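Shared between the two complexes below is subunit A, which has subunit B as its partner in the first and subunit C in the second.
What follows is the complex of A and B.
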């Protein structure tokens, strides 16, 4: 769907700004300068306001990123379910440390709790969420997605 | 005594009839047909209900403030942003009994005179959002939401607003900013939202669990409610038990209960998981204090106490855990979630996170040790909003209780 078409589904009122950004990101993977300009125009807002808003949220990406992103929850409850060992295993499999952005294809990061703590450890691969991940099973999950 | 979980797993969340059959929306009918708005506010005041979002503010007083403030437009917001690590009680209510929340919103909106309500939901709660959407659609069909609620002059629209992964947007003023299309940074209070909130209009922000209590109070009366739980903060609470405890997950229990009972009583936690030995418990999510075994006998309620209950989650940590991992876990969360508005928190949480990494890798320096104290003091005393204070709570306790294990 083009950005113009997405915009037509929303009244240009401030309370719709985040919803527009989320929808645009779904279609476009990220919200760059061009998208910000069109959206700012539609909402009659300064470009700086739209960009600073978009860049505020963890869930909105403002830069193109071709790397595959793998995230692991760093929360206490996931930790008590052995997320540390799972993280070690992913690091070994990918050959990159968490938070160390040097791999050309993958980025491995910690993320904040998703509220799925009763099913931890939680791993997110390219937006797909995996529950109760074990060090023994994580290789197979990664192979399927990368 | 179950108020919130009573019909969980008995009713079908996707069918409104299933809720009305258990007496659902009876409280709304009573509030609209038999009571005037002042009476509803008075009843909630009398019940002693306190907010379940963390701060424990008396709900009736909050409603009274918004009701008294004259304005053509007012807003009512259900806070379902829930993103404290270890907390997923609001998710469970939305999933198991969505109409309980919607009925609470409707009664509240009618009481304060709000014509528009939002459910601000955590962006990760997609399934719960869909359930709420279906529930709202069915409520509209039954004329419980819309132009004339139950044939009365009261009209209200409820819309779902989806967050995008920012813990700080659970803080009520940051939440309001983000709906207004502004960065989710907290605002200076006063003015408080009930006086000047969303778009400058009187606005109520209530936690989803707080609102789920409303139908019971209206139907059974404030008196019945006020006799449950502790006198300082009546009612029950959804506690979330996590970590090395046998029955993990959500347990409803009267306020005033001790952590000891929650963890060890077979009705709730059922004791330590097999093979695990108790070390300490963290009470109130990642921003909660650490309680050693000798302190578990204190009662948990909203009001003065050594261990603030917060949103009601308890992480049970056993002796096999490494405190260094936990220090990193807390620091990692708060450095990512600091909104960046004020320097002490933006820099403090970042530096603490760097030191946490060094602690984890066993290369912490003498300077680090000195700086920790200073950073924790700064976070506790100089930040703009409570998030900065939260970031220091568990660290301060850990430094006091386990420094031999941290700097070995």
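What follows is the complex of A and C.
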């Protein structure tokens, strides 16, 4: 679906901005300058405002990125359920480091809370969300989904 | 309503904030994000915290409205501790390179750090202070979210110095409606920047650099080029100074706003080693003659109306970028800087038998946008770049301080008479409404052919953002408007577009109160400071022996010897320009 078609489904009201950004992100993987300009034009908002809004959210990417992204929740409940250990395990398994952008294929990063606190630790791999991930099980998940 | 501050009772109006009551009564509170041009305050910096009897925690005085029975304490132990920790946190994330900083000595953060004795870096351990390897993460690592920009010709940004007070974002959004900056990313990576880190794409008015409390946004530094030119014995450095500079330079050296420093300014420039110092006011007079001629032509040809003034490069850029349909309405006259400069490289060079190649034309301006204007290709009238270097008042003051030249100790000097005789009309260019008044003084005399009895046009004076007046000139009712700040200009343009108002002649200035509140003027600014500067301008105009542009004897001579008459072919070539549609749509 092209950006124009996505925009057709939404009225140009400020409250729809996030929904449009999310949908565009899903189709396009990231929101580049061109998309951002079209969206800003449609909502009659300055480009700077749309960009600062979009860049605020962890879930919306403003740069092109071919790497596969694995995210681990860094919220308190997940941390208390040992999400750090899960992170170590993933680091060992893939040979990456959290927050480091050196690996050619993968990137591992912490994300903000998704609100699934009762089912932590939460791991997100390429948009798929996994609940109650244990250091022992994370290898299998990675094998299946990467 | 009466409220108690530090056990003393004060009068206050309902709706006031604690900060405004304190300010009115001379009680000092430290602030970083609050600015008199940006009301109401957002309460971002948390420096103005106070204790009240109506809340358990500390409240920010800039956002807290007063209420009955309010008792405020501004200097308790609790308050001071909170402010100090806050300041330490800000300082920890700040570059702290004071010695090499452009704003050294004029930085609001530095002032507060001095006041609260911030000398230790509690939150950023040095190498020897680390106790274990884990603490390495605590080391200052804010490089990944800093933005540098020197790509445009006017404004340089370095977010190492940024304390995220949001003043620049708000002035750009609320006063100028351009909104070039945004608060990008989140939490520790937050920075003030342009979308997608593109080079700044705005109107370069520089208001962001005038309100920035630190050196995160500053004018682009051209002092080095200027020094190089001064040191080169083969070059002849010819300087022109804008009308408003003489009223504000004193502030950088501790004088009150509005102090008239023409003689000191010239003396300081001569002391620096400039060969000739000319007066941009002469360029302003020239602008008026050409503009009045153009207005009379438009009245004869019945349009296109309204005619907009073209002295403000930020306004021109705004029109070109956002309202290209109004480009035919812009006066084709160049700005005073760009009128005087080609005369220097043609008329003056011919008369004095100087090779224009050897002339370095420098202008001292209140404005960051003039740096951009000088770089415009289509604006050059001579075969060379008309203006080589543009310095703002702040840059000049910095250079003078660096060279240990104190203008206060210098004996006053006069402009070089070849291009240095000015009139009161040209002086008025320093503030909003001045171009209009100066143009009216000339146009009315030209149209009616009679001498004006009273030269003041009070109806176009004042401080409100948009003023309009109707003036009867020889049977024609001339409707004029004066606006400053882009938000007011935008409103006016919308009205004109919708056919709600029709004017003959409109003056637009991008900065608050015109050049006197320009983006390159000394800091701090605010309505009160600008009011004092305007009073200085008005007083000077009254004292001038000549108060109408067309009475300027040097101009008469230049027209006789060189240009012919206003609107002649030569004048058209040197003094008029074209505009380009820069809109993205």
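Please note the rule applied: the second predicted complex is superposed on the first by the 146 of 146 C-alpha atoms of A that agree within 3 Å, B and C clash if a C-alpha of one lies under 4 Å from a C-alpha of the other, contacts with A are read in each partner's own complex, and residues count from 1 in each chain.
Just so we're on the same page, contacts are C-beta pairs under 8 Å (C-beta built on N, C-alpha and C of every residue); 3 or more make two chains touch, one makes a residue touch a chain.
Quantities reported herein were computed from a predicted structural model and do not represent experimental measurements.
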Contacts of A:9 with subunit B and subunit C, given as first, second, both or neither: neither
Subunit B versus subunit C as contact partner of A:56, first or second or both or neither: both
Contacts of A:48 with subunit B and subunit C, given as first, second, both or neither: second
Touching partner for A:116 - first (subunit B), second (subunit C), both, neither: first
Contact breadth on subunit A, by residue count: subunit C or subunit B: B
Subunit B versus subunit C as contact partner of A:36, first or second or both or neither: second
Partner chain(s) touched by A:100 [first = subunit B, second = subunit C, both, neither]: neither
Touching both subunit B and subunit C, residues of subunit A: 49, 52-53, 56-58
Touching residues on subunit A, where the partner in the complex is subunit B: 14-19, 21-22, 43, 45, 49, 52-53, 56-60, 74-77, 79-80, 84, 110-118
Footprint of subunit A on subunit C - complex, ascending: 173, 178-186, 194-196, 198
For the subunit B and subunit A complex, residues of the former touching the latter: 82-88, 91, 122-125, 161-167, 178-184, 240, 242-244, 248-249, 282, 286, 315, 317-318, 321, 325-326, 328-330, 332-333, 336-337, 339
Residue ranges of subunit A in contact with subunit C within the complex: 32-33, 36, 46-53, 55-58, 62
